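In what follows, a single structure is set out as structure tokens and then discussed.
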Amino acid sequence: MKHLIDGLIKEKTHFYYIRVHYEDTDIGGIVYHAKYINYIERARTSLIRLIKFPPEKFLKNGLSIVVKSINFDWYSSCTLGDCICVETNILKTRKVSIILRQNIFNFERSKILTKAEVKICFLDTNMKVALIPNEFIKKLKINFA
Amino acid sequence: MKHLIDGLIKEKTHFYYIRVHYEDTDIGGIVYHAKYINYIERARTSLIRLIKFPPEKFLKNGLSIVVKSINFDWYSSCTLGDCICVETNILKTRKVSIILRQNIFNFERSKILTKAEVKICFLDTNMKVALIPNEFIKKLKINFA
Amino acid sequence: MKHLIDGLIKEKTHFYYIRVHYEDTDIGGIVYHAKYINYIERARTSLIRLIKFPPEKFLKNGLSIVVKSINFDWYSSCTLGDCICVETNILKTRKVSIILRQNIFNFERSKILTKAEVKICFLDTNMKVALIPNEFIKKLKINFA
Amino acid sequence: MKHLIDGLIKEKTHFYYIRVHYEDTDIGGIVYHAKYINYIERARTSLIRLIKFPPEKFLKNGLSIVVKSINFDWYSSCTLGDCICVETNILKTRKVSIILRQNIFNFERSKILTKAEVKICFLDTNMKVALIPNEFIKKLKINFA
């Protein structure tokens, strides 16, 4: 499968493909549940990389992105070799937080594996909640609102 | 610090201590958020190990434990070298699911780092939801109800 | 960057591209060293997937692949957002082991990051060393000798 | 098992106990090989923590520890629930590098699981190799030579 390393944005949704690797599975023979939290982070970071706001840029400006909350539901398992797709939508952009919906499907999009709603914030170098840069919010809205 | 490798049960709560390692941190200088999901799984597994229902026993009987849902909130960060404590309570035991509260505190218990409510289920070898073994539920109730 | 999810084989070398993610970095600001061992495993597995011998196929036949030895040298660091390339060559194929050279370069191939020589074996269901399937060796030789 | 969270030093050897967790295993039913590299890092870091040179202290002084090389051999597997022991010896201390032997045994020390020889260096903030602080070398020699 040829694909874009950071996924792609289509119809206000970010699509990000992942091949399930050995390290993602556990003795139960399926993907270890915490790995889904890693998968959706990779998707989020790839999304902001695509719109030219990579996390390195924020870090240089003394801003780090933190996950404030996650509501996660699991529906179906996947295993070694499966190719899966994380679909991300921006649900809300506020002054100090962004809420995203991030669902994982099997490759054919015939089956949902997991659903998640994630709230992220920005922290400054004193670990205090910071205003989200305006330009970044604008760019998100152009692509996802 | 001398401690029990699987934590301990006291006043209907399971306490599990973790030293934050390099591999748990990221470029932001703090623990990578998905690691908290790993931490609380280690605590859950240690809890059932302590009451003599280790996951290996379930696996041998064709049962695997899956995480059906997680509601996770982050309050404060921790970093390399910190010693933290996962506190686990059993909130509900049903026929096919168990709900746990798992909060992480700093070592002195003066600060909460994260809160989580986790719902687990059992799957049989056909990946269908299975009844939770009665003896296991009894043992949980003896220790945590 | 458009690329093949399992990398590609060109001039008897397997090339596999990886974007460095948050989870790969540590508090030092660079990739955590053990992650390179994960990276090269992903490359090996992608290589055998490309030539139609995915690990799932071996597992179904009661064979698992184990890493018998690794000689690893580190030359230069990489960090969040870097795109790197694992280049894999087959050095030797024997009856019960395969030796691979797996070097990691920066994207432009102007700088080597790590070198590794890896010996893999196959184990049967009794965890005994097994003969490597002949067809698999043949396929490796066609592509890499 | 009651134990010290950072292990203990006895007869010029550092002993560090680890319970194998779900996240450490893979679909093969045993510990994923790269995890051994994590395990021995945890042991090394615990060792220097015990002698009061925790990595945080080095980081504050602009020094980071990097792994220059690893020679790793695998002998026997371990799996979920196993309690294993990393034994670390200091083989050589030089001006800019330290060589350690780090072997992993099963809990009863009746079986060796893996052997490793690891060379570490220190980097300054410009990512150049730095002299290893004299006091640190002295402390290592007191405990391990």
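Letters are used for the chains, namely A, B, C and D, taken in the order the chains are written, and counting of residues starts over at 1 for each.
Criterion: a residue touches a chain if its C-beta (ideal position, glycine included) is under 8 Å from a C-beta of that chain, and two chains touch if they have at least 3 such contacts.
From a predicted model like this one, the values you see are computed outputs, not experimental measurements.
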A-C or B-C, whichever has more C-beta pairs in contact: A-C
From chain B, the most remote chain by mean C-alpha position: C
Superposition rotation for chain B onto chain D, Cα-based, multiple of 5°: 180
Whole-Å gap separating chain A and chain C, where each centre is the average of the chain's CA atoms: 26
Between chain D and chain C, distance of the C-alpha-averaged centres to the nearest whole Å: 24
Whole-Å gap separating chain B and chain C, where each centre is the average of the chain's CA atoms: 33
For chain B, residues contacting two or more additional chains: 22-23, 27-28, 30, 34, 38, 41, 59, 79-80
Residues of chain C defined as touching chain D within the complex: 27-30, 33-35, 37-38, 41, 59, 64-74, 77, 127
Complex contacts: residues of chain D adjacent to chain B: 1-6, 17, 19, 21-23, 38, 41-42, 45-46, 49, 54-56, 59, 79-81, 83
Residues on chain A engaged by chain D in the complex (per definition of touch): 22-23, 25-30, 32, 34, 79-80
